[in-house]
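Take a look at this one; I'll ask things after.
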Amino acid sequence: MLISCVAYQNGEKLADIEPKQIHEYLARPDCFVWVALFEPDAGTLELMQAEFDLHPLAVEDARHGHQRPKIEEYGDCLFVVLHMVEPAAGELRVGEVDVFVGRNYILSVRSGVEKGFRDVRARCEHEPQLLRRGPGYVLYALMDAVVDRYFPILQTVEADLERIEEGLFAETSPRQNIEALYALKQRLMVFRHAVGPLLEALGNLSGARVPAVCSGMREYFRDISDHLQRLNQTIESIRDTVSTAISVNLSMITLQESETMKRLAAYAALIAVPTLIVGVYGMNFDYMPELRWRHGYALCWGLMVAIDGYIFYRLRKARWL
Amino acid sequence: MLISCVAYQNGEKLADIEPKQIHEYLARPDCFVWVALFEPDAGTLELMQAEFDLHPLAVEDARHGHQRPKIEEYGDCLFVVLHMVEPAAGELRVGEVDVFVGRNYILSVRSGVEKGFRDVRARCEHEPQLLRRGPGYVLYALMDAVVDRYFPILQTVEADLERIEEGLFAETSPRQNIEALYALKQRLMVFRHAVGPLLEALGNLSGARVPAVCSGMREYFRDISDHLQRLNQTIESIRDTVSTAISVNLSMITLQESETMKRLAAYAALIAVPTLIVGVYGMNFDYMPELRWRHGYALCWGLMVAIDGYIFYRLRKARWL
Amino acid sequence: MLISCVAYQNGEKLADIEPKQIHEYLARPDCFVWVALFEPDAGTLELMQAEFDLHPLAVEDARHGHQRPKIEEYGDCLFVVLHMVEPAAGELRVGEVDVFVGRNYILSVRSGVEKGFRDVRARCEHEPQLLRRGPGYVLYALMDAVVDRYFPILQTVEADLERIEEGLFAETSPRQNIEALYALKQRLMVFRHAVGPLLEALGNLSGARVPAVCSGMREYFRDISDHLQRLNQTIESIRDTVSTAISVNLSMITLQESETMKRLAAYAALIAVPTLIVGVYGMNFDYMPELRWRHGYALCWGLMVAIDGYIFYRLRKARWL
Amino acid sequence: MLISCVAYQNGEKLADIEPKQIHEYLARPDCFVWVALFEPDAGTLELMQAEFDLHPLAVEDARHGHQRPKIEEYGDCLFVVLHMVEPAAGELRVGEVDVFVGRNYILSVRSGVEKGFRDVRARCEHEPQLLRRGPGYVLYALMDAVVDRYFPILQTVEADLERIEEGLFAETSPRQNIEALYALKQRLMVFRHAVGPLLEALGNLSGARVPAVCSGMREYFRDISDHLQRLNQTIESIRDTVSTAISVNLSMITLQESETMKRLAAYAALIAVPTLIVGVYGMNFDYMPELRWRHGYALCWGLMVAIDGYIFYRLRKARWL
Amino acid sequence: MLISCVAYQNGEKLADIEPKQIHEYLARPDCFVWVALFEPDAGTLELMQAEFDLHPLAVEDARHGHQRPKIEEYGDCLFVVLHMVEPAAGELRVGEVDVFVGRNYILSVRSGVEKGFRDVRARCEHEPQLLRRGPGYVLYALMDAVVDRYFPILQTVEADLERIEEGLFAETSPRQNIEALYALKQRLMVFRHAVGPLLEALGNLSGARVPAVCSGMREYFRDISDHLQRLNQTIESIRDTVSTAISVNLSMITLQESETMKRLAAYAALIAVPTLIVGVYGMNFDYMPELRWRHGYALCWGLMVAIDGYIFYRLRKARWL
């Protein structure tokens, strides 16, 4: 689906154009074309490949989707793959945006997520002095938008972790804790796959030789790289904490088992000792003087209560009860 | 076993030729020879070594098999070892294909797996404009085919993992879970050994100095490298998940043990308390007024039922039952 | 909030100046301006950006805060972010100081922590021969102060760990131990985020090409780097020890459970055996000679005491009691 | 002990010579001397040092032994340390061979293992066209022999691991399993210490600058490096599997404990319930109608059998029995 | 405290000199001064700083102590920090020696340990041909002595580990084992902090550019590096083994718990079954024929013994007893 196809000159919007006119505008000096597609059909992609003269391997990647985040050079053209993450019904939905950037064009192909880049285009069009820098700046704006959208979603993951941590040392729900930790680790993996490869690719980008498209934009791409490193650090911290929390959870389960066992044993003692005593006075010896006593029975009760009271006192002191 | 031995010129098939004629065709300009062998005997390998003038160390590797995936240069000749993976009776069968590539020849030696490269040859012959690029392109096509065949098999591993995960928090079968996780980790190792070293070797290949055979094919080999990186990322994710799942499984076992113990203790309490009571009234004291009561026995039953009812209510509230 | 704004010449304080005069002083040769801000409002930051001609991306970072420690070059200007750590009510409060350093100015923007850099300014002003080196030396002095303040706080973490270790093999409080270890690991993460990225950034700084501002100061920055490496080593040691302590704690819990079980079983045996004996003499067989003996009852008691004594002796010898 | 001392010319054996004659032969062009020692005394080593003009630090290393595998250059002389591994009474015996290689000599000093290099010398003497390459080729042949001897021994370790794995999920012998895994990990360490440092040293060797002795032999040393990488991969796989197996073993132990507990509890229930019933009818109430029934006793037995039958049926269905 | 202050010329001791004369001797050609201090006061250090013209940052490090091992260049002067390890009352005492080396002087500042470098000086003075090489050789001799003293102490750690391993699979003392393993890991950390940073620093030293003081001594410093790598390998092996031993210990504890539980259950069964039987014959049914039998009581005993015998036989066969 074609979202928009616009030609720009000197940082100003020139016109909404037809896809078939693209090559005409590419021929004009100081003019660049910015096309946004959403889950395009094969025909549209082929048209774009022809108009922009894109490398077949890159187009094939965009058609199939499910790529890792990456930044590849095909001659003068830069092919960038970004993951987009959207919360959806308690889970995380992962989409993809594939960006082709050349000297005088930028083409974004989005799929799998709802939120587009309308706001990015609006912001760019309001800052003509920056948009004048051309497709390299638009690439920066797109990447910046994608990366900045990671932050609030990762913060919900952090918040979930804090909620789990609060329950970790409470005795309430070890089962829920461990299920939640496991699920959280899976959700975190989505971010690792989005952030890690991109950070690596950007590291290569801002290295010695910078592609022509991005020349003079070093500080901007370093800024994205810096955001990714902050995300990465947060991800690693969460990961580390989750691992520790899982093993702490096991310790807590074992500890509770141990404490439960003690409490059970305490109650067992409170029952077993009187059981022995009543057994004694259930014996049938001919000569058992206590049985003949007037208050034997009452004394027996007294004995049982006294012993249990003592046991109870001792166990309470030892914190078994 | 000789599968096929064909000479190509300008991207077109020239003729099926005899192995002994190979050196004649190698002498012609613009002509290259593509030979495919399957588990060849010593004689065939020696003939090939003579016809193509292969390095003895590389031929020895091909004869013995069981190599790691690798890409080695012997002068102008490139020696490539790839692992092939085939599902076989619930397990994974690992085969090997050793490829010798020179300026005007390519020789593949397959062993251990059934599926060959008939489809690769067919596709190449249908694209003469690409086949014209010579043995370097054929090498790419072979490697691409081998790597692409990993994907569906790794997906079955992923599917198995998801099935295990579903049972992880159910109380049904911890023993099966852990056996399945262990087996899955072993199966994963097959992929790590196939993918990891090849990715590393390709990294060296696409580095500074590119072997003559692959010149002008950089984007193609980078594409394979990219596929391998996706595989690698999937493998690492599964590995990480399996490790977590194993420790979660231990937590679940301990947790279930703990819960079982509580349930057992609950039932024990339901039996032990009445046992104490009946013991009391089994005592032989001369003076035990309850024993003389008309409804003593019935009251005793009532007492036992009441106490057990109360205990049951308390334990149910505490979720021990 | 403006803390101070001072111009220096030849290592001597020239005058407290108004922010709006800054550009005048920057124009003088051999003169540099040192401004300190605390949680400035937007207007102040904009004024500074205008006076010092700071890069918008760096100013944006300073405005938003919550950056990772880093050292970035924007043309001739160095932008440095440092974390500051302050103990606050048993927890650690993390603040930030962002430093802009140019050829003839240094601007520090502190936020989140109370303690400022009054002492650093005082020390610098007492050493004119060093202050004469200009903003590069002031940057060193600020970084040195920030890093040196980490040491005593990290030492309290170490002391806490030692306290926990002492309780690790005592049977008293496994629950507190594990809670304390978990909390300590979280506190340690604050330091890792403060120290790790800064160490990495300094490594790049003292590498091949040194920014103009820091030229001739290599030994000084290497000294900070060395302090950071000591901190880093301590952090890694604590981390490693905490991990080991957590798993040792689990072992201790399991071990105590095991020992508790043995003690319980021992007591159970001391009760169960006499219970069986009294059961025997509670049987109603017509012919049970012991029941008729004159001292049957006494002998029965003797038997029970003797058996329990023997069991007690055996269990004590086996260290179950 | 001197094993042999031979001079070679043009790949042919010239003569067995006396150690004291060595310097004479070294003076001849196209001639090289190959000396093999086994646990030599101090005098022999000193003689060799004098004849070959060896560096004192290297000779000291050879005298003391217990070095890590390494490849060091002392001027024109290469000093190579290799570990040799021999199975000995269920354990692994580690020996060492120290090789000094110069332009026209090679000296090997073996210690700690029985098997020497007679076969290597024989093979070299049968291939004069290779032996003509001089000491560099002999070094390759020695290293190749040492490395190839690792394979069968490592395979026995792999076989042992497979045997343990088979018993891992059987309930028979968790104690033997864990002892065997621990012992296996220790045995593996021997290989890690033999293979890892050597692989690293070879990586440096085949890097940019190749020592004069090995010039023109790059493919051969790369071949050894490849063998070492295969060994290394196997070692890492086993290591990883052993770690997983140890934690799986812990899970299996806990699981069996849990299952044992259930079975015990089942039996306990089968005894406790009838015990309660017989207690009921041991009570001494005056009015207990069942006690007067003609078939009271038989009914009581019937009740107990019925209840136990029902409990048994339920527990069997729940797989506790 | 000044230990000694000696001037050397051409490898021969010239004279014991006064600290205040140092600068005179430094002025002489071919002469160098070797000063050894032990925990010097501030005045002595200041004197040294003045006489040798040492960098203030390095002197400050030496004054404060507690540095990481490192090798730093301050202009022509090399500043080396080494850790010294001494066994002291079952623990390890860590001291430090800081060495300043220049073109014609070497100054060592030792603190925290008792053993000095008298033997090093003696050995150097006995080898004038080596001592002639100047301060670089003395530095080597000092470092070599420090590193060589690590070996016997680390061997006692290894011996301790072996002693623990022997007890690991015995059932005697899991508590002592785990305490010992924990303590051993702490002791190991001392070595890691001594060896790791020094190895890294030496790696930089023997890299591309060698400080003037050490020129021509490459083989010697590589030899130290090699010793450190051996130590490092041993440390890593012990670390790895300790980690495995800790988790094996947990398995053993769990396993023993499991086995104890089985034995307890076995004894419980031996008591519970007769208890049920005696309960049966304690019932008060009017019609219980066994009670009237002449040998009822004896038969009852026989029954109990027979059943317990059978249970005992079965449990012994199942290895529960």
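For clarity, chains are labelled A, B, C, D and E in written order, and residue numbers in each chain start from 1.
Heads up, the rule we're going with is that a contact is a pair of C-beta atoms (placed from the backbone, for glycine too) under 8 Å apart; a residue touches a chain by one contact, two chains touch by 3 or more.
Treat the numbers as computed from the prediction; the structure is a model and nothing was measured.
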Touching both chain C and chain E (chains): none
Number of hops, chain A to chain D, where each hop joins two touching chains: 2
C-alpha-based rotation, chain A on chain C, 0 to 180 degrees, nearest 5: 70
Where chain C and chain D are represented by their mean Cα positions, the distance between them in whole Å: 41
Residue list for chain C, restricted to those that touch at least two other chains: 247, 250, 254, 257, 261, 268, 272, 275, 279, 282-284, 288
Circular arrangement of chains, read from chain B onward through chain D: B, D, E, C, A
In the complex with chain C, residue positions of chain A that touch it: 168-169, 219-220, 222-223, 226, 229-230, 233, 237, 240-241, 244-245, 247-248, 250-252, 254-255, 257-258, 261-262, 265, 268-269, 272-273, 275-276, 279-280, 282-288
Chain C contact footprint on chain E (complex, rising order): 55, 57, 66-68, 70, 72, 74, 174-175, 178-179, 182, 185-186, 189, 193, 197, 243, 246-247, 249-250, 253-254, 256-257, 260-261, 264, 267-268, 271-272, 274-275, 278-279, 281-284, 288, 290-297, 300
